[in-house]
Structure formats: C-alpha cells, structure tokens
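Taking it in order: structure first as structure tokens, then the write-up.
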Amino acid sequence: MTIARGALLVLLPVIAILALTRRRRLAAIIAMGLFSLILAGVYLLAHAPDVAITEASIGAALVTFVYVLAIRRTGRLVVVGTEVPGLLQREGARVGGLEHEILAGFARHLGLDLVVRLVSREDVVAAVAQGEADIGGGGLVAGGCGEGVLETRGYLPTAVFRVSRAGQRDVEQRSDELARGYLNDVTDAVRGGKGLDVSLDLARFVCVSRLDLSGYVVNRLPGECDYTFILPSGREEMQRRLTRYLEGLRESGELDRAVGRHLT
Amino acid sequence: MGVLNGVTVAIILFGIGLLGLILRRDLVIKLLALGLINSSTILCLVSLNARPDGAPPLLQGNGLGAMVDPLPHALVLSAIVINFAILALALVFVMLLVERYHTTDSRRIEEEVAREEGE
Amino acid sequence: MRRFSMPFAVWATLFVTLFCGLVLFAFDYEGPRVDSLGLSSESLAYDTGAANLVSAIYLNIRLYDTLLEVLVFSVAVLGVHFYLGPRGVEEQVEGIPESHVIRTSAGLLLPVIVVLGIHLVLFGHVSPGGGFSGGVVAASGLLLCAVALGAEAVGRRFHETFLERIEWGILLSILCLACAPLALGRLPLTDVLPQGQVGSLVSSGSIVLYNVLIGLKVFIGTWVIIHFFMRHRGEI
Amino acid sequence: MTVLALLPLFHFALAPVSLLQGRLARRLSALAVLVDAALVGWLLASIAGGGDLGIVMGEAAVGLGIRLVADPLTIGFTLLTLLIEGALVAYLWSEAPRAYFYTLLHLLFGAVFSTLFTRDLFNIFVTLELLTLVSFLLVGYERKARQVWASLKYLVLASLGMSLYLIGVALIYYHTGTLDLDAIAAGLPPGPVPRWVWLGSALLLSGIAVKSGVFLFSIWLPEAHARAHSAVSALLSGLVIKMGVVVLIGLAATFPVSVSLQVLGAVTGILGLVYAITTDDLKRMLAYSTLSQLGYVILGVGIGTAASLTAAGSYAVAHGLFKGLLFLAAGTAIREGGFRDIAPLIAQRGRVSRGVRLALLVGTLGIVGLPPLAGFAAKSLLTHATAALPVQGVMFLMSLGTAAAFAKLGRLLWPGKGAWGSATANLSFIVLGLPVLFFLPLAWPVLPRALAAAGRSPIPYAESLAAIVGGYLLHRWIRRRPRRALPQRFLRLEEGVMTILSGFFLVLILVWLQAR
C-alpha cells in the first residue's frame, strides 16, 4: 500500500510537468486526464472513495471530454492562408481560387468540413506550427517556411521574382510592415513608386506586374521551385494523404483543368 | 512517510501549475494549468488526515476510531464541482475569443484588445 | 511555441520556487493527526442516519454549502447555454463514421454506465457515491455512446428550452425541499424525515431525496453542457 | 433569526422562477425588493428586540455546521444591498433586459446575503466562488470582445486567489480542527505566534485580497469593472467588492493581519488615486477611484479598534451608495452624451439630462466629503478613530487626491437647464442619492456615542474643506503639466499572476513582522 501510494505520488508531478510542456494541446489534455485518473487512485488509497469517484467521473472523464470537444479538429479541416489572386482569394462573401478548390476536394475526400481563414502572412506559419490549423496555404513556396512544419510535395511549378529599387534606405523598416497586408502593401508601394526589396512568387508577381514596374529592378531568382502546402509537425499521416491526393489529381488531369480555370 | 506525503506533493503541484499559468501563452494550456492548481488544493485537503492505517468513513461495522476525517472529503466534493464549473465557463469564453481573434495566444489577444481600445 | 523573454521566465521560476519553499517550510505538516479533529463519527451517523459519513456531512450538516455548489453548477450551465446558444445558423458538421468495433463496444457499454450512474445516486448514503458523481457518470456515458453511435442529433428539438426548464424546475424543488422544515417551525435545511435503519436503502431521511434530485439535475446539466460543446466543437 | 437563512434562500428561489417565467422577471424583481425590505425590517426588529443574533444551519453542532451571524456591521451592509437592489431595479425598468440578466441578479444578491452572514471559512469560499462566477457572466453580458477578455482574466485570477485561500483553509483546519471563525480565534495557541499562523493568515488574506481589489492583488479589477454594462459596474463596484471587505473584517478579528492591512490599504489608496487622476475615461476613472476608496476602508479595518471597524464599515456602506449612484449616472451620461472620455462629455453636456447631472453632482460631493454628506460623516469618523499621525496624513492625502480626480468632471456637474430624463432612472438616483445626502441622521442611532461626540468638534469640517479646496488646486496644477501614460503591463494576465505572488510575499513579511 505504502509503496503504491509513494509511486503514485511521485508520478503526479512528473505527469503534470509532461502535460504542461506539451506543444500540442491534445497531448497536454490527454496527459492531464491521465493525471486526474492517477489523482483518483491516490484518493482511493487515502481512504476517500467518495472523492475518488467524483474526481474520476468529473476530473478525468468529463473535463477531458469537454476539452477534447472544444479543441477537437476532426470534423473540420482548418486551413489558414494569405490572400493570393488566383490561388486563394475572396469572391464576395466566399473564398475561392485554385488552392481552395484543391483543399475543398481534399476535405470532401476525408469527409470533413472545410474552414478557411485568411490571415496575415507571418501568421500562416505560426498558426500551423502551433497546431491551430491543419493546413497552411496561400502561395507558399517549397523550402521557404522554416523549421517546425511539414511540407507536401509541390503541386504546381512556379518562380520567384525579386523586385527592388536600389538606393532606398527605408527598405529594412518596411520589411516588417510588408508582412501584414503583404500584397496590398506591395502594390501600394509600387503605385506610389516607393522603395522596395521583396520576393514575390509567380501569382503575386503577375498581379504586381500589371502595374508600372519601371524604375524597379526585377530579377528572376535562379532554380526551380513549386507551390506547396504546409502541415503541423507530427501530422505525417495527413501529409501523406494530401500528397497522395495531389498525385491523384495530377494523374487524372484534373489539376491541369483546375489551373486552366483559375490561372488564365 | 517522511517528505513524500500528499501535502508536499500538492504544494509542488501548485508550483508547477503556477509556472504553467505564467509561462505558457496558449490559453488552453493556461486553463489546464489552472485546473492543476485547483486539483492540487484538493489533494492538499484530502491528504491532511490520510492515515495509512485508516479506514474510509463508511459505517460497515468496523471501528470508528480508525476512520479518517470525513469533513475534508465533503468539502472537496464541492470544490471539484466548482472547479468544473469554472473550467466550462472559461472554455466558453476562450471559444468566443478565438472566434473573434483566431488565436489562443494570450499576448496576441492582449495586443488586439489594446488596439481596438485605441481606435 | 512562442515563448516569453528569458529574464521574465527566470523571474517567474524564482518567484514560484520561493513561494513553494515558503509554504512547505511554514506548513508545519507533521503527518496525519490521529485524533479525529474534534468530531465524533458515531454521533454523526446516528444524527443523520447515513452510513456514508461524507454524505451525512455533505447533504445534511453542511447542506448549505452543497446548495450553493449546486447553484454554481447551474450558473455554469446557464452561462454555457447563453454564450454558446443562439449564434447564427447551425453549421452542417458532417460526422466521421466510427468503426464497427467502437460502435459495438459503445452499445455494450451504455447500459453498464447508466446502471452504474443510477446505483451511485440511489446508494449514495450507504456506500461511496452520490447525486453529483452519479449524474455526471450517467450523462457523460450516455453522450459518449451517443457520439460513437452517431446519434448526437437525438432530441435536438427539445434540448434548448425543454431541458433547461426541467433543470431549473428541479433546482426550484430542491430549494423548496430545503425550505420545507419552515412549515414545521424548524430552521431551513434541517432534516425532518425519519432516519430509518442505518445502512439500509430507505434510511437517512431526506439525504436520499436530495441525492436523487441533485443526480437528476446534474444529469440534465451535464447533458446540456456537453451538447453545446458538441455543437461548437473544434472552435478553439 | 430564521431570517438570516431566508434572505439568501429567497433570492436563490427567485432565480429559477424568473428564468422559467421570463415575462414576469421584471415584476418579480420589484416584488423581491419589497419582500427584502420586509425581511430586513424583520431582521432590524429582532435585533432591536435583543434576540439571538446567530443560527447554525441544519441545527448541527457548532464547529461542524455552518454558522450565520448578524452584527451591527453586517446590518449596515444589508441595508446597502437593499438600497442598491432597489436602485438597480428602477434603473433597469425601462431598459428591460432579458430574464437571464434578472436570474443572474437574483443569484448575485443571494450570494451577497450569504457572504454577509456566514462565519464559516469554507462557506465563505463557496459563496465567493458563486459571486465570482455570476459577476463573470455579468461582466461579459454584452459579449463585446474586450468585455470577454476582461472577464476571462477576472475568472482566472480570481480562481487562482481562491486556490490560495483554500490552501489556507486546509492549513488552518489541519492545525485547529474547525472552520468556524470564532472557534478558530478561541483555538489559536496563546503566546508566540507559530509559523503556520502567519502562513495561514497570509494565504487567507491574499486569497480574499484578490477578490476585493487590493493593490498588487487585483490591479486588473478596475478594467473588468469599467468595461462592463453600467448597471453591472455599479453592482460590482458598489457591492460585490465590499464582500471582500466584509470577509476581511472577519479575518482581521481572528488573525494577526492588521499591519499588512494598513500597509496594503495605504498603498492601494495612493496608487488607485494616481491611476484615477491620470485616466480620461469616465468609467475607468470611477473604477480606479473605487480602488483608492477601498484603500481607505482597508486602512480602517487594519487599525483594528472597535471604533475604526465601525468607521470603516460605515465608510464602505457610504462608498457603496455614492459609487453606485456615480456609476449609474455615468452610464446614462455616456449613453446620452455619446462619449466615454470626460473632456468631450463636458463639451456635450447639453445633451446629458438634468437628473443625471444632478446625480453626478450629489455623488461627487458625497465622495469628496463635503459636510454633512455621507462621505464626510464616514471619513471624519475614520480619521478620528486613530490617533497615529502618519495614518491621518495618508488619509488626508487620499481625500485630497479624490477631490483632484473628481475636479476633472468640472462643468459636467452643473445641473443648469434641460430635460429631466426618464422617470425610472431618476427614481434610482433618488433611492441612492437621498441616503447620501442624509447619511448622518440615518446612521446616528447606530454609531457609538464617543464617535458622535467627535463629530461635534470643528476640526473635521475644516479638514474636509481644506481637502476639497486643496484637491481643486492640485487639479488645476496637474492639468497644466504634460501627462505621461502610466504602465499598463500590470493589467496583463501573466503579470497579474506575478503580482499576486509578490503581494503574497509582501503580506507574509508584514504578518511576520507583526507577529514578532
């Protein structure tokens, strides 16, 4: 008895620390459920059966259940992305574009509801890395999203252009602001003929190039690159399924038709 | 039993919960930490009188002398339910905040609220 | 994981360690006390007629605490209902079909859980258990199974108003029961029913009644809370 | 003394009834005021008749059951509750909120009544949690995002405070074997204070301090109050915060916490004033001024003599009256004038109806302590309950600062010409305003004779006038100086937890110093 109690008591702080240092919320919640269960065991050994029953039914079962319901993401496929014309854009009150079509099909394929949130560019990677969203999109270029997230294989070849205007001093200050309303800021800057030094993917570049780019230096960055989607780390299964789904689209020719609908 | 008793562990758990509450920015984890703090007070109350040789406070023909004190147990039942009530309401409010700001990061929400205030 | 600045984290750790150290140092805990802290268990049992002394305190001697606690729970249900209730159109959330194994086991589990809940409620005064844990066990078990069986739409019609009315009606009857002794010239919250044989099902006066009423109320309350969380699931 | 149990139970029973019969909720609340008045009358009559002032719920043994007690101090708070309830019902009459709102109101009043009477440590915990949850829902009632966030912070920090309190309860129960405050006082060992007593006192005090808006513990509280619906602000600032004070008075009689209460009271008072003087938002200014006034009360509780306790209690009641009045009037003024900040509101004062401006005037005169209004009566009592010069100095400083903060309202207070505004709102102003005007004659029978004698000397009059004039001059001086924004980072959640911890350390050191 004493040994069992001692073991459970030592286990409590260990599990608590494990729970509160988890990055993924679901893991933390399940660890706390386990914590409550062990706590109920401690109460039982402390001759408090009433408390043990209440703790097990409320602390371990009900609380965990409510948490899991609140954060449960099965049932919804949450996509975050920045607005990019053609790929992911507002169409009235709805969201449309090539990426939206692909992901809507993928969500149907999984039997989930699609929820798209348009956020600022820096928030896309952050939200995915934190596990707040299942998939990040919006003209992300493969290899450019840093550590902490998974990438699918690229679904569409693209290119990156560097637009800059030499001799301007406010470039560094602007780079922070540019992160927020990325495309709008760039087009505003170009319209006003202000200083800039940004990389644009093909879709955004096409959009910007309709404006007057004289006075800017435009370089196509060397190398091949693709548009991609990102996922939270630890979601390898989802990554595999999405990659496989994209392959399927490409083989059936459906992808080319969709590109034709959205990007011409 | 020495150092390894329920009260000591409860106070250590309280500390862990406090650290979680301060250092994690995710509101859901913050709520988990708050739950941990509340559970630790309950553990503290129950462990006060938990004698290894005691008996549960049930009249089943066994001696009354060996029974552990039932009063803290009765108090704790109320405390557990109250903690659940707090948790449920807090989660609902976190849901409302997420719906509005699309994040569970406490600092970000703080900034957003301050910005709205300024407008 | 976005973190705080290093000095802040160091300060926080220092503070918390100091706090724990101080509390541990000054708690003066010298192991469990052998004397039963000034209350006589024997008289407790024969005063209330409940073999479970925790129930005797919880539902008779300190019934006032329990009443307030039930109110706290009702406030939580009220709050969840108010904030998650009328919000735009109901979304079409397509459930993912569960596997056959889960369905079967849920079907088998269902009666066991419900019976366990009822047992906890009815025998709360003689053995461990009581209205609260019984109600929660029954409600969460039922709903867990309902989710697994894909039958969460069950009774969606009367959730909103009907269940809430019943719940608050039960709360009202608990309060009336608490005030009933006034008619006999006693203080409210006293037990005026006969105590019966200690240890049998029909004993301990009004404790059984309170257990059943609280059990029902908590059952419905838990159902309502889980129902609303289910409707808004995945929102965080 | 069954009435002690009937007051809370009646309100708890009304809560489900008003939810079930939503259309009757408004009329039920009016009925509740009448029934409450009758019950309070019964209470006063039985006290005047010399009846027993306490009951044990459930007729159980003392020390095990929950004891409810009424003493002169709680009677004052009972009357305050009744008046605020009446004013709120009148104020909300034309607005007609949902049945849900009335349900919460009844639950809140029930919880307030049970907090007033209880003498049981754990019962205090449960009633305070009920108060927390109900006020939490009330603060977020309008569902604006900033309300929701303030509300959530309120809930998390209050819950943390109550956990500290509960650890204290466990500690005290472990060492004394009882939860009854008076039994604990009898059971404390004589001679040198053991260390568990100072730890226990610090834990209990910190827990309650979080609930009652004391500096370091709940600097974030004014945010929650200021952001709520005006009727809710009046309720929280006028009444709910006082429940912490009531519990503090009970604790101060049992545990060695007087030095810490004095220090906390002084710091709270001064700091609250600094924030109140520098803010431009009307409701936020009122909320911070609550903090400073609370410092005043806690200082009085900390002095700990019978005279100062009475004075602190009556000041808390008086403050409840005029702060309730000010918040209700400010809410209407903001709605009619269309601005939250004071300066544009003064510019738009023509749109604010006359009744509201008159109510603001009465409340302001009450709070700055113009003789012979409520503020003056209670303040002079408090100042003369102590002979210590530093304490008197701090109190004078607080009066000065309060006058400076309220001098900002300036011409908004001039009733001038215009429409009188809605009748029900004016009725609510009258319900709270009349006791502010006639506080002294009303409180006369309750006050001890010695204090009454102190009221006849000319010194308090001179002091209070000096504070008002000095405050006005201070306001003129401050207005011409460049303003710097005060740090707002202590209002954040993480820093809130840290400040609660540091407040705990401070209290622990102070209790330890006193015990030495």
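Points worth noting:
Order as written gives the chain letters A, B, C and D; numbering starts at 1 within each chain.
Keep this in mind: a residue touches a chain if its C-beta (ideal position, glycine included) is under 8 Å from a C-beta of that chain, and two chains touch if they have at least 3 such contacts.
The structure displayed is predicted, hence computed values, not measured ones.
Here B is the chain whose Cα centre lies closest to the centre of all protein Cα atoms.
In terms of C-beta pairs in contact, the better-connected of the chain pairs C-D and B-D is C-D.
Centre-to-centre, using mean CA coordinates, subunit C is 32 Å away from subunit D.
The centroid of the Cα atoms in subunit B and the matching centroid in subunit D are 28 Å apart. Each chain gets a centre from the mean of its Cα atoms; for subunit B and subunit C, those two points are 16 Å apart.
Spacing of subunit A relative to subunit C, judged by their CA centroids, is 38 angstrom. Shown for subunit D are the residues that touch two or more other chains, namely 64, 122, 126, 129, 133, 136-137, 140, 143, 167, 173-174, 494, 498, 501. Shown for subunit A are the residues that touch two or more other chains, namely 25, 49-50, 54, 58, 62, 66, 70-71, 130. Taken residue by residue, subunit B touches two or more other chains at 1, 5, 11-12, 14, 18-19, 22-23, 28, 48-51, 54, 56-58, 68, 71, 73, 75, 77-78, 81-82, 84-86, 88-89, 91, 93-96, 104-105, 107, whereas all remaining positions touch fewer. Screening every pair of chains for touch gives A-B, A-C, B-C, B-D, C-D. Across the complex, subunit B is touched by residues 2-4, 9, 12-13, 16-17, 19-20, 23-24, 27, 29, 31-34, 36-37, 39, 41-42, 44-45, 51-54, 56-58, 62, 65-66, 68-69, 72-73, 75-76, 79-80, 83-84, 126-128, 130, 132, 198-199, 225, 229, 232, 235-236 of subunit C.
Against subunit C, the residues of subunit D that register as touching in their complex are 2, 5-6, 9, 12-13, 15-17, 19-20, 55, 57-61, 63-66, 100, 103-104, 107, 110-111, 114, 122-123, 126-127, 129-130, 133-134, 136-137, 140, 143, 167, 171, 173-175, 177-178, 194-196, 198-199, 203, 494, 498, 501-502, 504-505, 508. By the touch criterion stated above, subunit D contacts subunit B in their complex at residues 64, 122, 125-126, 129, 133, 136-137, 140, 143, 145-146, 148-149, 151-152, 155-156, 159-160, 163, 166-167, 169-170, 173-174, 179, 488, 492-494, 497-498, 501. Note for the complex: subunit A touches subunit C at residues 23, 25, 49-50, 52-54, 57-58, 61-62, 65-66, 69-76, 78, 111-113, 126, 130.
Across the complex, subunit A meets subunit B through its residues 1-2, 5-6, 9-10, 12-13, 16-17, 19-20, 22, 25, 28-29, 32, 35-36, 39, 42-43, 46-51, 54-55, 58-59, 62-63, 66-67, 70-71, 117, 119, 123, 127, 130, 132.
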